[in-house]
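Since the structure comes first, as structure tokens, the remarks are kept for the end.
Read from first to last, the chains carry the letters A, B, C and D; within each, the first residue is number 1.
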Amino acid sequence: MINTKVNICGVELKNPVIAASGTFGFGREYAEYFPLSKLGGISSKGLTLNRKEGNKGIRIYETTGGLLNSIGLQNPGIDEFISNQLPFMKKQDTIVLANVGGGTIEEYVTSIERLNKTNIDMIELNISCPNVKEGGMAFGIRSKDAYEIVSEVRKTCKKPLIVKLSPNAENIVHMAETCVKAGADGLSLVNTFSGMAIDIYSKSPVFENTIAGLSGPCIKPIALRMVYEVSKAVDVPIIGIGGIMDYKDAIEFIMAGAWAIQVGSGNFINPTITLDIIEGIETFMVNQRIKSLEEIRGIIWRENI
Amino acid sequence: MINTKVNICGVELKNPVIAASGTFGFGREYAEYFPLSKLGGISSKGLTLNRKEGNKGIRIYETTGGLLNSIGLQNPGIDEFISNQLPFMKKQDTIVLANVGGGTIEEYVTSIERLNKTNIDMIELNISCPNVKEGGMAFGIRSKDAYEIVSEVRKTCKKPLIVKLSPNAENIVHMAETCVKAGADGLSLVNTFSGMAIDIYSKSPVFENTIAGLSGPCIKPIALRMVYEVSKAVDVPIIGIGGIMDYKDAIEFIMAGAWAIQVGSGNFINPTITLDIIEGIETFMVNQRIKSLEEIRGIIWRENI
Amino acid sequence: MKRAYNKGIIHSNTKISHNIFELKLEIDLWNRFGEDLGIPGQFYMLRGWEAKDPFLPRPISIANIEDNIITFLYEVRGKGTHIISKLVKGDTLELLGPLGNGFDLKLKGKVGIVSGGIGIAPLIYLSKKLDNNVDFYCGFRDEVYYTDIIEKRVDRLFISTEDGSQGHKGFVTELFDPHRYDLIFTCGPLPMIKNVIKICRDIVPVYCSMESRMACGIGACLGCTIKTTKGMERVCKDGPVFSSREVIFSD
Amino acid sequence: MKRAYNKGIIHSNTKISHNIFELKLEIDLWNRFGEDLGIPGQFYMLRGWEAKDPFLPRPISIANIEDNIITFLYEVRGKGTHIISKLVKGDTLELLGPLGNGFDLKLKGKVGIVSGGIGIAPLIYLSKKLDNNVDFYCGFRDEVYYTDIIEKRVDRLFISTEDGSQGHKGFVTELFDPHRYDLIFTCGPLPMIKNVIKICRDIVPVYCSMESRMACGIGACLGCTIKTTKGMERVCKDGPVFSSREVIFSD
């Protein structure tokens, strides 16, 4: 018998596949296509204290093997999330992560205070959205900025605290170590890479903000390397993210050291891609006689496995 | 009449299209397919003071929209280059850049001393190869390490000095500014991104060195963003590199601020891709009534253009 | 539960004009379960390739449904539609849908339909499904297509071409008098839609099918939003059909 | 100047065994210029797609040349060969070549050819072009293909299958006696090649066609090198055919 369960910071996921923030809304649209209870977890659209309209102009632009997005954290705000979305999500028999962004430390802290009082399973602290000043990426570049926000949030946060890292961090390993020192219970990485595109006919950037966030299989080799480096350096659970499109990609992240993985852009290619990945992982485990994911977690670098 | 010429650090290129280091050998193989005189320039395979065998194991691995490579600077060494390759390259009526790597500052400096005595047109200082300890990437991550090597090389170097930046630099803008302060006449960017892949059946990294370098159109949005940010920050000529596959990509880099561009992985898809790009740029200029590349260089951010 | 991507089998894929193709797909699998294949104004996300370049599927409107055959009409613009145009009878193609809200078929009164270019696609199916009296105004750049079929379904058909090769020379908006209609349905290039709305303002309500770049197509990513009086609305889920009174154009 | 990528027009693309296809391509364009289409052991880089995924072209050996038709024999392994297997008569495919050194056809004496699986591809063409006396040993996993054609060209044909369904049950290397030959040509999986070399050591010279992952295919990127007594050599340019005395195997 194989067992796909993972326990992350005391929270048990039935399998390691989590729908990534911003690509899955609050699950409602996908619930039309499959029972969300199949998922290990769902990370909510990035939330800010107050509702946000998001960015103007073009928000999506396809690139080779991926896409640039500049959504700008359009979201209904924490209160509206808590009253209208969270109850739906919690009914789905899957783990729910609240992905929290913000502009100031106070804003983050207030959001967390309100989430403390709910039955949310985990917080995913987004210090890495490149698309809005208030997305927190300012906190995600230099380790010392991250230290400040994570340690403040930690003081307030009563839920397991996952910090979501930006691949644009100056030094991803140092960033990871700093966040753990500041109190993170786990880390998820990566968010989108800062990228851009130019419309050569209008001679101007495609996006109003010029810079947008790159995701999809194009970034996978870099994301995998970062997950590998971070897993080796810190002792908390790691959630691997970046260009995961099939079970093979997922297994690569787990072998690099990830405890669980998130699927983002892949959902756009097929709304039931997460089911294929879950099934693929199970079949792989059966064929390879792997009983639990622990057996292969970090297997490429861990000694005595 | 359109004019595709660019003058970089006093060296005139007949057009802005340069074959990127490591993807074009010393030009010999491509000379079987087209007259190299069509090119703006050629950057040699990365050279080290002494010959190198390069890395063992798999050296090439395809990824979505690109490839990972771990060649490991296989090259015949500076002296052999000067006696057997440079004369051939200089006969091609195109600008020749010597791409120089190294392990120690002394090694770099000695290589440069020998190149000083040749008719090479420019030096491209490679402080960014991720595939060997001696590739210089150690110098390409932290600005202060780069300052040390670039300023030492500058003292010796009698040729126009282009420093090739790594996208893995902690802060690409600060790195660029530092290299200019240290004496770089121009900058080229980007080299490959540190990435990796895992063979899930053998449960081990695909590459013997674990980490390899990612290139190709997958990285273009990130490379373009870096060229944009660096162009805005420094006043020296910038050569844009990263995933350029057609004239549209090339024009994007120029509009982001590049003076010239390099084509790397694109050569693998078609050995005459550089000709298509040169022709495409010309046609675009004619259709858009652009007389010289200066008119559009950095047009997305430059004022008063 | 809705079915996610299904395979459609290509019945025909015919070039009907310069750069314009008519694609007929046979749907067997999921119609067996009696699901609705879609109403006018709804669309499908199409993937005619297995690789990850192009990355995203492409939204294409339903131009007709007959038995188990869905007809799409598409213009080859970039690489996605180019790949689809190369497919031949028997090839398969993945599709997700029907998606979006569609046109409201229950509105009463005399209808004016205004199309520009390939914007005609959803309006062809609309003209079939409406019980109202309909006049159809269609503008083309040069070559005219599909008008023979529409002509039989509507009271009056007006054609314009920019080069004057057929019908009125100029824009289709120059042809029609908003006062003659109780409602207007339109689809086409943004400048045309804006112009139709301008002409109809305070005279007759306009329902327009909007375009936007899409990623998920089902309302989850917020990539396709447009500004409306109700806030940022998703073209793929809240639209693609919007009342002109809702849409806020940026300029 | 050599021509870079040229379009080949597919004449046929036939499944001849489980996962094995025979592709015949018509070459008109560049043969007009009288260029050589290639000798046994040479290969082409094939691209059967315009998009950037898959990114790299795929090296495939020449299995035959007749008039302007090149035949390739390929096994569907991953996405590149999968896409190529979907192409039909009339489709075009980009190809670069001929590339590599090829087998030396001027060597004298009795030849033993040893193939494993799809490694048979270049050896089919070789068996046609050699004037020597040839015995051909071909090993397959289960299904046997192309042996009827080879049989007519050689003195003796030996077949082995791993499952014993045809010919000798087991490996092809168990069949042959190196003492009977003046030279051996071989192509197949690495373990087989190593075994052939081991059996022939100090008895008869072996020339083997080596495989390696390739990027440029023309000798510029140094991605496909193998270790040899002359240093790191490029499979695409210095090979793919090497003397067994040159190749240094890592284990």
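The criterion applied here is as follows: a residue touches a chain if its C-beta (ideal position, glycine included) is under 8 Å from a C-beta of that chain, and two chains touch if they have at least 3 such contacts.
According to UniProt, the chain labels map to these proteins: A, B = Dihydroorotate dehydrogenase; C, D = Dihydroorotate dehydrogenase B (NAD(+)), electron transfer subunit.
Since the model is a prediction, treat every value here as computed from it, not as a measurement.
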Exercise. Which neighbours do chain B and chain C have in common?
Worked result: A, D
Exercise. With respect to inter-chain C-beta contacts, which pair, A-D or B-D, contains the greater number?
Worked result: B-D
Exercise. Measuring centre to centre, with centres taken as mean CA positions, what chain is farthest from chain A?
Worked result: D
Problem set entry | Centre-to-centre distance between chain D and chain A (centres being mean Cα positions), rounded to whole Å | 46
Exercise. If you average the CA atoms of chain B and of chain D, how many Å lie between those two points?
Worked result: 35
Seminar exercise, completed: Cα centroid separation, chain C vs chain D, in Å, comes to 51
Exercise. Just how far, in Å, is the C-alpha centre of chain B from the one of chain A?
Worked result: 34
Exercise. Residue numbers in chain A touching 2 or more other chains?
Worked result: 63-66, 216-217, 245
Exercise. So which bits of chain D are touching at least two other chains?
Worked result: 52-54
For this session: Note which residues of chain D are touching chain A in the complex, please.
Result: 52-53
Seminar exercise, completed: Note: in the complex, chain B contacts chain A through residues 63-66, 68, 170-171, 193-198, 200-201, 203-205, 210-212, 214, 216-222, 224-225, 228, 243, 245, 248, 251-252, 255-256, 284, 288, 296, 299-300
Exercise. What residues of chain B sit close enough to touch chain D in their complex?
Worked result: 22-25, 28-30, 32-35, 45, 53-54, 56, 58-67, 69, 71, 74, 216-217, 245, 265, 267-272
Exercise. Which bits of chain B are touching chain C when the two form their complex?
Worked result: 64-65
For this session: Name, in rising order, each residue of chain C that touches chain A in their complex.
Result: 1-5, 47, 52-57, 96, 213-225, 227, 231-232, 237, 250
